[in-house]
Structure formats: C-alpha cells, structure tokens
Amino acid sequence: MQTEVRYQVEPPVESPVMICGLPGIGSVAWLAVNHLQKELKAQLFAEVLSPMFSPKVWLTDEGLVRLMKGEFHFWKNTGEGTDVLLFSANEQPYAPEGQYELAEVVLDVAEKFKVRRVITMGGIATERFADQPKVYVGGTDVELVKEIEARGAVRLSGGAITGTNGLIFGLAKPKKMRAICLLAETPGYLSLDANAAKAVLILTAKLLNISLDFSALDKQAKENVEAVQRAKDMSRGGLAHEARKGGDLTYVS
Amino acid sequence: MQTEVRYQVEPPVESPVMICGLPGIGSVAWLAVNHLQKELKAQLFAEVLSPMFSPKVWLTDEGLVRLMKGEFHFWKNTGEGTDVLLFSANEQPYAPEGQYELAEVVLDVAEKFKVRRVITMGGIATERFADQPKVYVGGTDVELVKEIEARGAVRLSGGAITGTNGLIFGLAKPKKMRAICLLAETPGYLSLDANAAKAVLILTAKLLNISLDFSALDKQAKENVEAVQRAKDMSRGGLAHEARKGGDLTYVS
Amino acid sequence: MQTEVRYQVEPPVESPVMICGLPGIGSVAWLAVNHLQKELKAQLFAEVLSPMFSPKVWLTDEGLVRLMKGEFHFWKNTGEGTDVLLFSANEQPYAPEGQYELAEVVLDVAEKFKVRRVITMGGIATERFADQPKVYVGGTDVELVKEIEARGAVRLSGGAITGTNGLIFGLAKPKKMRAICLLAETPGYLSLDANAAKAVLILTAKLLNISLDFSALDKQAKENVEAVQRAKDMSRGGLAHEARKGGDLTYVS
Amino acid sequence: MQTEVRYQVEPPVESPVMICGLPGIGSVAWLAVNHLQKELKAQLFAEVLSPMFSPKVWLTDEGLVRLMKGEFHFWKNTGEGTDVLLFSANEQPYAPEGQYELAEVVLDVAEKFKVRRVITMGGIATERFADQPKVYVGGTDVELVKEIEARGAVRLSGGAITGTNGLIFGLAKPKKMRAICLLAETPGYLSLDANAAKAVLILTAKLLNISLDFSALDKQAKENVEAVQRAKDMSRGGLAHEARKGGDLTYVS
C-alpha cells in the first residue's frame, strides 16, 4: 500500500498560509489546529491515507469505521487577509521514515496550492505551569524570525525539534518555502494543554489578522487548572483544604 | 521478494460475500473462517506468499514443507443465496506496513471478483466468560450497521480495532466497498475461543441465509469450559469438589 | 543500495545439486558447507553483496577489508555423479524481509544453473549431547522424503524451521524445485557443533555418492567433547577427578 | 522521501583524495574531518538530505532551522599535492539499511569526481588513555596497507569495524576504489577525543603532504586531560591533592 492524498474538492484559495499541527507534547499543535478548524468552519478538501499510520481503525458513536489519517481543511477568507490551509492527523507516523514521508506529502500539497508561508506548531517542555505560556519561534530565514519576535515571540536559540512538526518546518527550507515553527511552553504532564494551544493561536491570529473565539479552549484550560489543583491537593493532604481557603489559586507546580 | 497472489483456479462466483478472519484475540476470526471452510467444503483458489509473514516454514506430519501464507477459498452456492469467498492466513503480518499491505491485497481480490460485501471478524476482550457471547458490529455505512443490529448484534460505539482484521474493514470504505466487522466477546485468556467463533458464525449464517453444523466448534467449546473449570478447581482447592456437586456448571470467571 | 549477485566466473556445471548452509544453531549448516567447500576444493563463482547483512566490515590478518556477504562455490565432478553448487554466508540477514530476500536470491541462482535438487541444512536442538546425532529430514514432496528416510534419516513430523535455511527450502516448492532440509540434532549450548555437521555430511555424501575426509571435523568435534567434559568437571568439583579415572568418557550431558 | 544529493557548486578538483568521517566512538572521525574543513577552509559543494537521518531538526543561535544532513566540502590545493574532498554528517543513519545507503551515496560522489583514494576514519576502544594514541590501518589492498604502515600506523589484524565509516571503506573495494581506514585508539569514555583525532590527522597530513595547525584540537585535548584528572581526583578523594603535588600529570586511567 502506498501513501495517497485523496482530494475531495479543489480548495478555492489564493496564496494561502498553511498551518500544520500533529499530536505531540501536550497535544498543543493538534489542539490549536483543531480549534482553528472549528472556529473558522474550515472545510475538508483532502485526506492522507497511508501505511505509515498505526495499523488500526476506530469507530464513531454510530458504529462507523474510520481510518487513521491526515486531513487538509481550507478556509476561504471572505474579508481582507489571507486564505488558510490546515493540516492535522490522528497521530504522528510511528516510524522515522514515515515522519519524513508525511512531512514531504504535506509540503507537496503546500507547493501545489502556492502556499506563501508554512506555520508549524508544537509544545516545548518547561518546568513551570504557566498561566500565560511563552511562545518560542524559529524560522527558515532571519527576517521571518525577527518579524515574529516583534509580535511577542521568543527566539529559539539552539535546541532540536523532533517529529513531524519539526520536519515539515525543516524540509520547507530546501523546497524554497518560508516557514516558522511556534512552540508554546507546556509542562510535560498535561496530555491536552489548552492554555498552551491558546497561546500559539493568539500569536497566529495576529499573524493572520483574524479574530478568534477562544471560549472552547478556555473551558478546557480551566479544567486543566482544576485537575492540577486537585492533584496538588491530594499530594498535600489536609493542608490543601487550608490553602484553598486562604488564598488565590495559583498555577505554580 | 514481493508479495504475490498465486491463483490456482478462477473461482466461478457471482457477486459473492467475502469473509475474512486472521488469527487474533481468542483466535475467534481464524476459528470461524476455518470452520466455514470445512463445513462448506470451500475450495482453495489462491494463495498469498509474502515476506510480510514470519521468516519460517512448518512441516506436515508427512514431513512436507509449508510456507506461512494466506489462503483464499470459494464456495459456489448451488441453492439460493450468495456465493462466498473466504480469506485466512497462518498469522497476521508481524509489521504494521505488512498488515496494511495484506489488507490491500485481500481487498484487491475482493474487487477483482466483484464482492458485494466484506465481513471481517474478531474478538473483543471482556471480563466475563460468556455462555452466549454478544456479537458487536461496526460498518462502513449506517444502513449496514442498522441491518446487522436488527439481526441481534450490538452496535460498536467508539473504540478501536487493531490489526489486519480491522484494516481490511477500514480500507474497504475508501475503495467504495461495503463492509462490516463482527466482534464476539471473549475473555482474554482463551487461545482458541470456539464459543465466540460460534457466536459470530450464527450471525453470519443468518446473513448468508445458510445453515451450518456447529458440532466441531461445540466440541472445542466444551473442552474450553472444562479447562476453565479445571483451572478454577485448582485455584479453589477442596472447595471445588463441593461446588461441582452442589449446582449447575456456570461459566462466570 | 540494492542486493547484488556479482559473478566472477560462469560455473561449468550440469544439473547440479545445490547445498546451502547459513549460520544457525550450533553453526551446523555453516560448518558443513564450509567443510564441503574445503574438501571438494570448490571454487568461488559469485558473491552476494547486500544491505540486508549487518552494517560492518571485518579485516583479515593482513589488514584487508572484507564485507559481510554470501558466497557461491561450484565443484565440477570429474568422475561419475553430480556437480555441486554451494552457498553460504557470514551470517543470516538480521531482518525477516532480508531473510526472504536472500532465500529468493539463492533460488534464482539455483534456477539459472538448472539445479536438480536443493539441500538445505541446520540443527535441531535436543536435550542430549549425541555421539552419533540423528539427522531429520523434510522435503517438498513425499517421494523425496521417503528416499532420504531410506538412507537413514528420521522424518520430521510437524514443527517449524526458522530463518533463511528454512526459507530457501520452503520457497523452492512454489518455484517448482525439489528440495530437502537436513537437520542434525545438536545440544543448544555448542556454538560450533562439528559432530552434528559431520552427521549431515555423512548423509549428504551418500546422496551425492562421493567420499569425504572428515578429519578436520573430527578434530573440532574432539575439542567439543573435551570442552563439554571440562565444563562438567568444573560443575562437579572434586568428584570429577574420580569420574575421569574410573570409566569411559561419555557424552551424556 | 528519497535520499537526495543537492549540489551547490561543481568542485574544481582533479583526482582528489576523499576523507570521510562520521560521528562514532570518541567522535574521532567527526572531529578530524571538521578540523580539516576549518583549517583548510574547505568549501561546501553538496548536501545529502535523507529520511535515513533522525526525524528532527535543530536550530542555530539565530533561530534558523537546520536539517540533519551530510555535507561534502572540497579543498583545491593551490600548491603541489593532492586536492581533497571531505564528507561528514551530523550523525550516522539510525538503521543498518541507511548506513549502507549513505556509504553508497558517498562512494557515488567519489566516483563522480574520480577520487584516487578514499580515507575513512574512526576510533578503536582500548583500555588506556594514551598521550600519543596509536593509529591502526586497514586497506583494500596489501600495498596500501604496507604504505601506511611505513608511515607509522599499526596494521589491523582481524576484528570488525561497525557503522558507516566501515561500510564506506568496505564498499570501496567492489567499486574498484582504493581505500584505507585509520583508527586511533581512544578510551571508551570520552565523547570528544581530540587527541585521537589529532593522531589520525598527523598521519593524514603526511599522506596528503600538507601541514596543519593543530592548536584547536590541542586546546580541546587539554580540556579532556583536565576533565579526566578531575574525575580521578573526585574518585580518590583527599589523596588526589597529594598525588597532584607529588608528581607529573599522567594520563593512565
């Protein structure tokens, strides 16, 4: 079986920005792209079927079968500003070669629709639980990095980005595409860090010059805060009761 | 070495149903398809040789060598009702890519012979040893799921099916074939759960409108029950003797 | 890098028998084919270079580099009887796909030179250290198995043969070549079981109607016996001294 | 994604020597080739992008993204003596097939530019920390080995060289290229053994008839010596103080 991109419609976009986010640490990128897709009501235009995904299927509540796959959505901006393509997947390919292959498939679609800029996302593990997570940026050229720094991001200096989110970013360069990677800080222990996803989206919204409703992410983030607090209460025993009464809720872990 | 489908005869079938079952939990699907093949006296028409199977051969009692392989059988229904193609194999491919590849090979054969419906099977681990195991169903479309529910199956809501039995089912959809997956509940500890295999076959026989003799599976199932009982006796010590005298044999584990 | 068979000369053989032995349990097959090659003064005619071997090179005493590889030798029988092709390798491919690929490469060479019969070899682990190891036989057809049984081999009934030695044997059948596999019993703990290698060669010599000098294997086998005895002495402590004085050396482990 | 050699310029070389060093034990080969590249001010002429490298990217201090890759540099000798091609990479491919593939890619470039001799490098673990590490040599032919022995190297007798540095060396032979491998002795515990790298470079400089400034490697080597001494001091506790006062600094581990 070969990897296949199955188009459902031709997306009517012009020089779009492509935003990519696969599951990874804190599911930051995946949450962000899913939120964008729902808020923008972006439409599915292509699927990636591939043996580089796990050999399993899953079922909807209606008992309908679904493959592991990648999905491309588009959003036609009817106002001013840029059109958008989105890419996400149920999971990252399990093998290194698969991660390279998927990154290339995504960039081939980006080339096909003359994407002007690729944005990939992710989380960066830090030791603190941040109320307002910092967003770090790396890019394919100095001007791009400086532009994003001016919007409030912190420049990545050194370090590595593993997995497909990093490879889409890195392989853009030899393909002569401009790309940035936005990494929100996230503690390692959250599986769905909505607060970090919101942080990258606030910056992304600025870059796209669009406004976004974050209430769904806020709701998830609030649940995270409460879960963290409960975990702390349990580890502190009786003292927790007093602590809760006595002061503000803080997020320091 | 490439995967190869070696045809022995052209199966004289019209719009058959294809029933697939590879070894998996409780060997449910494998037992079911083997039982069907023997009871229907279905004939071998093609073999799948492939490096995606384990690198070993096995020997018959006569000292003859046999490769690990997949086998297709056909059954020409001389009465009313549907013709049948069967697929099984000694094992599932050991690697994820191999599982995708085999699923695609099987569906290519299904397409070649204009299969009207694909049925894949499997086990679903539950905590109880059921006398009459429930059969769960998922499908490629809502009508199909409802049709099978009406025959007594329980709709799968959520969850994942791993391995080749799931992939044949899931890949049928993008190939525009209608498919269902029937999963019988099975406790995790039985390696050959004949009772679960019988449960999926009773439903399958209804769907095919054929009658089947289950005595071979009943014999195997009876041995299972006795083995489970022996295991319980051993773990209960002397009390077991009394329990056996005092009441009905029950299968609650 | 692709697997490549590099021919050095065209072997001037007619309807040869091909004898194959890769390293495996007790190195039985490898020892046997190496012994044959030296005793028959068989000549190298082709090499198999492939990324399916381990990623390393080794050095001769003269500091010359050697790749991991497979080697084909031929022996032109100047008397009556059959010509012979030999195949061995430094190791078995490390991955299952590589084992299938190498088996196919070997059988392609067999086809090219119109081999009339393929003999693969190996060890079969038993619990005893046998002075005269039994040789088991399996084949691609009943007549062949019976022929070898008549020469003193024991028919394999059931069981599996893993690895390349088994695959060459098993894949011969769909390629319409006649093949046998000879397995000598060997205890699991010997890395070079010369005695077992001798056992398969005695039978092979009968089949080829040639006579062989076994003194090199006898020397190695004697060293094995002594090593086994030393190990037993060490585990028995002082009693060993008496045992050695009091009776014949026996090989019971 | 396929492995790709991306040329930036055509190197204006004639019958060059190619010197290859990938990361390995003590990073000996990698340090040596990097030192050569800097000292000779060799220029980048081609890059190898490939899914056989790890699925990650890294960032410069400026926040610019870099892929894992191989790099070819050239040095046009304006005096007498030979032109030079250099090859190194961020890492060795993680899988055996990738190591074979990269070795072949490197030798294809060597063939393309009519390389007269290939030199690969590496470390060989010994138990001692040597002030003046021995350099061992193996080759594709006896004359070459003798030539390098005459320059002070010790002939490798037996043994194996694992990984890409060994495969480039070994695969040169069937491609009819002359190659040597130089291994400097290195203790296993140093991650960057500059002293060993210097040892292979001193010999290489003789072979190329060039002079090299080793001050950068000497600085690194001095830091190694101090780190080793600190580790010894810590493990000896108070005695270390006396030992330091009482005698010369020695490198015996």
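To keep things simple, chains are lettered A, B, C and D as they appear, and every chain counts its residues starting from 1.
Criterion: a contact is a pair of C-beta atoms (placed from the backbone, for glycine too) under 8 Å apart; a residue touches a chain by one contact, two chains touch by 3 or more.
Values in this document were obtained by computation on a predicted structure and should not be read as measured data.
Identify the chains in contact with chain A as well as chain B, in label order.
none
List the interface residue numbers of chain A and of chain D, divide the shared ones by all numbers used, and answer same when the ratio is over half, different when under half.
different
Can you work out the whole-Å distance between the CA centroids of chain A and chain C?
Taking the average C-alpha coordinate of chain A and of chain C, the gap between them is 56 Å.
Could you please state the distance in Å, as a whole number, between where the Cα atoms of chain B are centred and where those of chain C are centred?
For chain B versus chain C, the centre distance works out to 40 Å.
In chain B, which residues are in touch with two or more of the other chains?
none
Connecting every touching chain pair, does the picture come out as line, ring, star, complete or other?
ring
Would you mind giving me the full set of chain pairs in touch?
Between chains, contact exists in these pairs: A-B, A-D, B-C, C-D.
Using the touch definition from the top, list the residues of chain D that touch chain C in their complex.
96-97, 99-101, 103-104, 137-142, 145, 155-164, 166-167, 169-171, 173-174, 179, 181
So in the complex, which bits of chain A are touching chain B?
Touching chain B: residues 1, 6, 49, 51-52, 54-67, 94 of chain A.
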